[in-house]
Amino acid sequence: MRRKPIVAFVILVVLVIGAGIYTEYYMAQQQAPVQLRVFAAASLTHVIQDNSTLHAFEQQNNVKILFNVGGSDTLYQQIYSGSPADVFMAADSSWLQKLNQNGLLHNDQYWNFTSNILVIIVPPDNPGNITSLLDLTKPGVKIAVTAWTVPVGKYTNITLTKIDKTWGAPASPKYKGPQWEKYRERVVANVITYETNVEQVVGKVLTDTVDAGVAYASDATFLGQSKLQYLSIPPDVNVQANYGIGVLNESTHYDLAMKYVNFWISQDGQALLAKYGFGSTLPITTTSTGNAVLQLQMTREENWQTPVLTCAERRR
Amino acid sequence: MISELAGVRKAVRLKPSRILGLARFSNEKISNVLLWAPSLLFLFFIIIPLAAIFYNLDATKVILELQNPEVVDALSLGAVTSSLASFLSFLFGVPTAYLLATRNFTGKSVFDAVMDVPMVLPPAVAGLALLLAFAPRGLLGPELRQLGIILPGSTLAVVLAQFFVASPFVLRSSKAAFENVDKKLIDSARLLNPSRFGVFFTVTLPLAANGVVAGLVMTWARAVGEFGATLMFAGNLPGVTQTMPLAIYMLMSEDPLASNVLSAILVTTSFTLLIMFRLLGSGKSVHYYDQA
Amino acid sequence: MVKKSYRDKEVLRDVTLEVRKHELLCLVGPNGAGKTTTLNVVAGLCRPDEGSVFINDVLMDGRERNCLVHVSPSERKVGYVFQDYALFPHMTVRENISYGLKARHLPSQEVKERTHKLLEFVGILDHSEHYPHQLSGGQKQRTALARALVIEPEILLLDEPLAALDLTTRASLRVELKKILGTLEVTSIYVTHELAEAYAISDRIAVMGPGRIEQTGSCDEVFSKPNPYVAQFLGQSIYKRFDTLRPNSTSPRDGQDSAGRRSWNER
């Protein structure tokens, strides 16, 4: 009599495991023989999963694409540790560069395939009444950004610093007045959360959890069809994100992976990206697919001294 | 004499119940309130967020989501991996618990403390640690790769991540259960049963069963909700490593309603199973330890 | 049956004990003297630091031709009745009793027969499907006894088996116990701190002091010619008893006079 519960429990466990294994096996059968693993930055979530394009590609090439979506820094860490991947699409080409420096990219090649710029997004009803960049410094305003290690977070940091140095430094030719002084410090004081990727920031803004967030133009224009409002950031303080794409050295499906990469670089891919709000550039930079230009790009950004996080900010 | 009485009177005058004007309430009533009030508040604090999940639920959306292959994927994946993780925890946890409960050896306290660490480690840190240890370019990576095992991006990695963070529960619980088994009972069994395994399976384990099962339930619950370590170590591949918590997290930004639905499904299934286990358990525990 | 043990531990300093076949030896002594530990050593649950244990002239614990020998408890064919019976709470009476037989993989028919015989013998046949928590103290004791006897042990060890019972049950069960053990002619060591009990049922008595045996012998020997320690021990017991009977009694030493002793002698 007292053995029955134990027996029941064991049977339950066995059933669940059995069902699961069967489902996995069954689904594995259903899948196409070839799997392509694409690690993609969170901001690309929607464009890479565009139904018609994705299905067309899969049908044509008899492949099933598995997407691992997350913050580019997390993805880099996983790839660096050896997590199997075929293609890496990062929101910051410097991650591709790092992989390249470690000899992990196929043929030591990677491409810049699209770009993005930052915008400030606010909820549809704009409860914080944010109408200008200066409003972000108002006390009591709640802002969401990503962690500084995520590409969009890095760009956010750079933009804030640029504003500080360009508009808020009396010595600067573009000084706009005392209200812009210590801009970065005041905005960071209003940041209440550092998310793990840009989609989370968008989510927080959509649900009115925060008054404003820093995201990509692609996020704003895509979802802007339904809900979000956004403020554009002037080009002289904005940052251009250069998205990189590359095939991993350990990929077992080099040809397919290259086909995938080529799609994004091609006209069709670029058109699709444009449709989803990608490709915005800043006038001062040049768009190009050359690695050399890419390097130049990166050095130019890195010239802006990114302040090291102080203890107070890190604790947030 | 008089000073004594004065002391008593003074004490009575200063009793809290008199100060608060509650003298008319008996001790019993006050203790009842003091017991029930925080308990009910605690209950409400837990119930209200759970209720909020179900409050805005749209029935049609629920059915829609249940038909979504990605959701079914996440559900079945979650169920399978947490069951496997729980099973592994049982397989390894019970012998370890028995060892820690019955034997003494040098370094035992260190061993004990180490086994507790996964419980206090932030899940993301656990995930990173697993990555650094078992990924192909990690500590043991090359050896694993020679065996043909590449963990990140596989379902096995999910099981291992869940096992890592959840197994301490069954370990703790089983250890306490084994320690609580009357040594005389085990001695009696040893005198009658020539096989030590026999003694363990016929006497020790059944008597410790309550504690072991309770620990298993907690382990399973923790495994189902595991997120940080899974995300870091196994990755976020729908159908392969995307468990329910990961799916909910991903959907939170795109489609908050879907995320709501998934949360409701997860809460319902977990709650049902927990209730089932509790009912199964209470049937057993009445039996024992009524002897004088 | 001969059994010797000699041990050097904090608990047992020097215990040398010999039990003869078919006899019931009572081990008496104050609490903490090491009576239970002695039983545990005989049973094999405790290994002595020094010395040897023999059961039926076979070495159970000790040195033989430079080999350290330790026979496991279940191999020794020892029956043990604990003070609190230690019945398996998750098994019925019948399952408790047949545990020893089933564990040795005896044919089920034989198991059934022997269990049934013993159930009848100790008198708990009508409770065979009950669980320990449903039994009274006396019934539990019978079950424990049956469980120990079913494997037909070479030696039966009883650790204050009647201590948890009330006085009336104790008195009646004591008689029954003596009858059962006498009928089966099983060699037993019976631990108790109740002198009266020891006197009533034992063939021989061994008095234990802290960590050592003080005196062994038949009841009359020990009671009439006690050594100093034993005398004090006996005297204290007598004094305590004496005290309840006659509040104005004389000192412990004086209480040793034959008149005082015989007044509560229940034989």
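First chain written, first letter: the chains are A, B and C, and each begins at residue 1.
FYI, contacts are C-beta pairs under 8 Å (C-beta built on N, C-alpha and C of every residue); 3 or more make two chains touch, one makes a residue touch a chain.
Bear in mind the structure is a predicted one, so any value in this text is a computation, not a measurement.
Participant: When you take the mean of every protein CA atom shown, which chain's own CA mean is nearest to it?
Facilitator: Per-chain C-alpha centroids ranked by distance to the global centroid put B first.
Participant: Using only Cα atoms to place each chain's centre, name the chain farthest from chain C.
Facilitator: That would be chain A.
Participant: Roughly how many whole angstrom separate the Cα centroids of chain A and chain B?
Facilitator: For chain A versus chain B, the centre distance works out to 34 Å.
Participant: Roughly how many whole angstrom separate the Cα centroids of chain A and chain C?
Facilitator: 79
Participant: Can you work out the whole-Å distance between the CA centroids of chain B and chain C?
Facilitator: So the centroids are 46 Å from each other.
Participant: Do you know which chain C residues sit against two or more other chains?
Facilitator: If we look for residues of chain C contacting two or more partner chains, we find 90.
Participant: Give me the residue numbers in chain A that touch at least two other chains, ranges are fine.
Facilitator: 2 - these are the residues of chain A that touch more than one other chain.
Participant: Hey, what residues on chain B touch two or more of the other chains?
Facilitator: Correct list: 206, 287.
Participant: Please output the residues of chain A touching chain B within their complex, sorted ascending.
Facilitator: Touching chain B: residues 2, 5-6, 8-9, 13, 16-17, 19-21, 23-24, 27, 37, 39, 45-46, 66-70, 74, 77-78, 80-85, 199-204, 206-207, 250 of chain A.
Participant: Can you name the residues of chain B that touch chain C in the complex?
Facilitator: Where chain B meets chain C, its residues are 182, 184-185, 187-195, 198, 202-203, 206-207, 287-292.
Participant: Which residues, counting only chain C, touch chain B once they are in their complex?
Facilitator: Spelled out, the residues of chain C in touch with chain B are 40, 43-45, 72-75, 78-80, 82, 84-90, 99-100, 103-104, 131-133, 137, 140, 147, 151, 164.
Participant: Which residues of chain B touch chain A in their complex?
Facilitator: Residues 73, 76-77, 79-81, 83-84, 86-87, 128, 131-132, 135-138, 141, 145, 150, 152-153, 155, 206, 209, 213, 231-232, 235-240, 250, 252-254, 256, 277, 280-281, 283-284, 287.
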